[in-house]
Amino acid sequence: MNIGMIGLGKMGFNLVSNMLRHGHQVAAYDVNSEPRHKAAELGAIAADTIEELVSKLPSPKIVWMMVPAGGIVDDVIATLIPMLTQGDIVIDGGNSHYKQSVARGEKLEQHGIHYMDVGTSGGTEGAAQGGCFMIGGKEEVFKLLEPLFRDIAVEQGYLYAGKSGSGHFLKMVHNGIEYGMMQSIAEGFELLDKSDYEFDYESVARVWSNGSVIRSWLMDLTQNAFAKDPRLEGIRGVMQSSGEGKWTVETALDLQASAPVIAMSLFMRYRSLESDTFHGKVVAALRNEFGGHQVEKKG
Amino acid sequence: MNIGMIGLGKMGFNLVSNMLRHGHQVAAYDVNSEPRHKAAELGAIAADTIEELVSKLPSPKIVWMMVPAGGIVDDVIATLIPMLTQGDIVIDGGNSHYKQSVARGEKLEQHGIHYMDVGTSGGTEGAAQGGCFMIGGKEEVFKLLEPLFRDIAVEQGYLYAGKSGSGHFLKMVHNGIEYGMMQSIAEGFELLDKSDYEFDYESVARVWSNGSVIRSWLMDLTQNAFAKDPRLEGIRGVMQSSGEGKWTVETALDLQASAPVIAMSLFMRYRSLESDTFHGKVVAALRNEFGGHQVEKKG
Amino acid sequence: MNIGMIGLGKMGFNLVSNMLRHGHQVAAYDVNSEPRHKAAELGAIAADTIEELVSKLPSPKIVWMMVPAGGIVDDVIATLIPMLTQGDIVIDGGNSHYKQSVARGEKLEQHGIHYMDVGTSGGTEGAAQGGCFMIGGKEEVFKLLEPLFRDIAVEQGYLYAGKSGSGHFLKMVHNGIEYGMMQSIAEGFELLDKSDYEFDYESVARVWSNGSVIRSWLMDLTQNAFAKDPRLEGIRGVMQSSGEGKWTVETALDLQASAPVIAMSLFMRYRSLESDTFHGKVVAALRNEFGGHQVEKKG
Amino acid sequence: MNIGMIGLGKMGFNLVSNMLRHGHQVAAYDVNSEPRHKAAELGAIAADTIEELVSKLPSPKIVWMMVPAGGIVDDVIATLIPMLTQGDIVIDGGNSHYKQSVARGEKLEQHGIHYMDVGTSGGTEGAAQGGCFMIGGKEEVFKLLEPLFRDIAVEQGYLYAGKSGSGHFLKMVHNGIEYGMMQSIAEGFELLDKSDYEFDYESVARVWSNGSVIRSWLMDLTQNAFAKDPRLEGIRGVMQSSGEGKWTVETALDLQASAPVIAMSLFMRYRSLESDTFHGKVVAALRNEFGGHQVEKKG
């Protein structure tokens, strides 16, 4: 198939290489010239502008956006609309909020342009070697695109999830589960670290990766991380988050679903961003007030 | 009544002054001489040894222990047993685990000595001015002691809770609730602190202390704390804990009761003891593994 | 002062009686005629329409809305705008989201009408006998209204919180704290209930209300509740929520603040709405898959 | 090697078949005769008593206990001690608490008998086809047993974890992580179930099992479970627990480690055991007290 890829960051670039390896033709654009040149070296048609990219595509044109979630997606869509015609397809493969995807889909349908929201998982390696794709939008458009997904996904690694927004909804929930799983693993190793035993963490992660109930890709990655730095002494425990965990908790609130584990995983991330907390000061001050318990002075 | 007080720390000393003010006669002992002298100045009979203290008491002798929970309680009991006889009364007014109180009660009953487990609340101020007492043990012994409790408690501030251990059980659960309330208040002020509004925290605590649903002694104390240090800039948010919150959570586990709020309050205290965490490192390392997300290097 | 009250539910009606008792003149309107008549019996000027209510007020007109949060507030405002002129004052005393209050304030200011967001606490009894008011909006408008608040609040029970939205922000956080405090108390009594001791809950709540660290209005109310139904056998443990706890957690997410206790309090409420859960089924099914553990069949 | 297996439940029986398939000789005992006969059919030497089992083993005798954690383990050990001599080896492959394993190891060492605590994971299928083993005890004893573990484990699926207790400690923490992972997955599907989308859960679990970041054995099992019952309509969401999650949380408390996710996973299990809760009644009653909010009546 012919695909136009907009956005050649870690994920977009690796998807391009994946598509090319499977014999698809890819026109590739990024705001920066360096990844464009690299994509060209792999065999993609580098485009210097979105207009050029669109002009390289046969009809119906298929444009895959792989840009950071947020306003940039809207900007790219606004740029694309006048260049596309009825029957063309725009894919958002990024981590957009599913409600925004629904709204964008409605907007594009007014122009007769199809919009597919595609949650992409598997990390940068999966993007290159075979990933996991959760696909929302019209089923007939999915059918048209299915050969592409069959190629770039691992076996059984793509799913037509349903109507508009369902792909990004699934991806969001997937990330919520991911937060919970990561925190679960992390709490486990914290217990090992605080115990009197002297475990070799890489070996522990390895044995848990082989034959145990908790074997998982995340445990494999845990093993890799400890292989590089056996006690993780070189890094700080600051846990950033990129939004999808937050959206999952917000969705839980809207659906009146209790999601304590996903929420706690997120809160522990927020907590890790601070070296001291105001709530801690309040509790320490209160203990001092009623019990005369010492507080630690600043300084 | 005649009371022998063992342990003249903040709580024990204030109880002595409270008892004296109500016309009771108190023999007072502490391992340190200074509080003994101070108690004497208030009108107590200072005793240089436990033996001396016991000798000053008429029968049935009433000994109130106000010493740190743990082995010291057992040491004092072991010292007391040979000095006491049938019908004497030992009170543990400290924060002992209720199961230990049950065991100690059984041990003392073998000698015919009554044992009362008394949970004491209200802080150091309450000990001096009128506290709250939750009383476990034999009801007839409670009846005998009731005039004392009526004097040293605020009105309606004492309760015969039931059989041995029930007093310390109530106190333990009381402290669990206290953990949850404090964390609730603290989270609220954390939200104020992170908001764009510029609240005066002392004023907020004051208005919440007057007429609101959340008015409480802890809110009064919050106001006091902000009156001394409007932004708590002088202290660190390190939240120590003295054991009863932990016991409450352990009891919840044993009773298969879900106590998420009390447990989270405790875990946030533990979290505050550390400037960095191992679980945070694991999550940060994992994010780097699958997504190439930057980790913060140690510096 | 002259006040026009729109909304004569439990809170609005009680505020009217409070204002009247302090010598204020109140024009009162409600969509239902019954509370209008009752208000008239207390001495208010009953108005059959909002228009009539506004016509009864001298300039600058002061209209206090006490209607359910949400679209009704907007409807009332839309009705009021053409009837009011520059310098008039609209007060939202309900539980509106602070961001909506900011937006409404901006809209009304375009018409020269002042808007004050007033968080009201203290329950229905507080509304009648003296409540707690957190007031956001322009300071000069607050000054004008202060005599009213001084009358209807308990002593020190009102606060000018700051610019537009700050009153409802404080009320929202107040309710978040309230959720946490209530869940804390409730978990404590759950532990008593699951223990082997046979506590009299009303007595426990009473002793905790007198002299203890956790004494609070909520504990007084706990005592009242047990006085009516000693084991709460007549009611089900379904915990509804009215939105402010959810907003507090959403705000915590937006501010990247960790609020585990408030969040858990909310999730336990959501959990209580269901007799069975899908997440429970998934875990039960998984235990069966890997360990052959029995599941409970339906039916 | 020659192994004596005591306990032929799901796990023990499957381990016997695994050992036999790899050419080991197994004497097998169970209190019930049926599994003994079945084991004999597979080629094991069935023993009618523990004494007979021990008598069938060459020296040094290797006895593997696969019995329910708790007093039974102590009973079997008490039975074994007089039958064994210096240099013999007892393996506890069950889910014993690591502290008990340390104590049992010390006791047996007094008789010159070696004790190995072996955490076994991988479910019943893993026991039969290749499991995961975390091994604590003396390293030289491990070396002696290593050929056995190499055979019955999957590749890289066994680890010498360290001194006595470390095997069961690792298994305990493994199960804690398992609780967190299961709850994470379950919360995710709960969100799907409460959403407006109509997902096919088996398909979702399948796509998440292939190429995604959260691919894992537990996700494979989730897929299996939905294959059997697409909406899990036939089962109730009652989540039993067998003790190791509780031990993990207790250990976290002892180590002052914050383990919010594992703790919440456990509390949600406890919550699922009840159709109504006392804490829910307290909150509902309180809302009624201060706000006049309706409670749901029983009956």
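To keep things simple, chains are lettered A, B, C and D as they appear, and every chain counts its residues starting from 1.
By our rule, a residue touches a chain if its C-beta (ideal position, glycine included) is under 8 Å from a C-beta of that chain, and two chains touch if they have at least 3 such contacts.
Note that this is a predicted model, so its numbers are computed, not measured.
A centroid comparison over C-alpha atoms places D as the chain most distant from chain C. Chain A maps onto chain B through a rotation of 180°, based on Cα atoms and reported in steps of 5. Mean C-alpha position of chain A lies 48 Å from that of chain B.
Distance from the chain B centre to the chain D centre is 39 Å, each centre being the mean of its Cα atoms. Centroids of chain A and chain D (each the mean of its C-alpha atoms) stand 33 Å apart. Chain A has residues 123, 183, 185, 187, 190, 194, 213, 217-218, 252, 256-260, 264, 267-268, 271, 277, 279, 290 in contact with two or more other chains. Those residues of chain D whose C-beta lies close enough to touch chain B in the complex are 213, 246, 249-250, 252-253, 256-260, 263-264, 266-268, 270-271, 273, 277, 279, 290.
Of all the residues in chain A, the ones that touch chain B in their complex are 10, 123-125, 182-183, 185-187, 189-190, 193-194, 217-218, 221-222, 224-225, 229, 232-240, 242, 260, 264, 268-269, 271-272, 275-293, 295-298. If you check the complex, the residues on chain C that touch chain B are 121-123, 126, 130-134, 153-159, 161-163, 165-166, 169-170, 173-174, 176-181, 183-185, 187-188, 190-192, 194-195, 197-199, 203-204, 206-219, 248, 251-252, 255-262, 264-265, 267-268.
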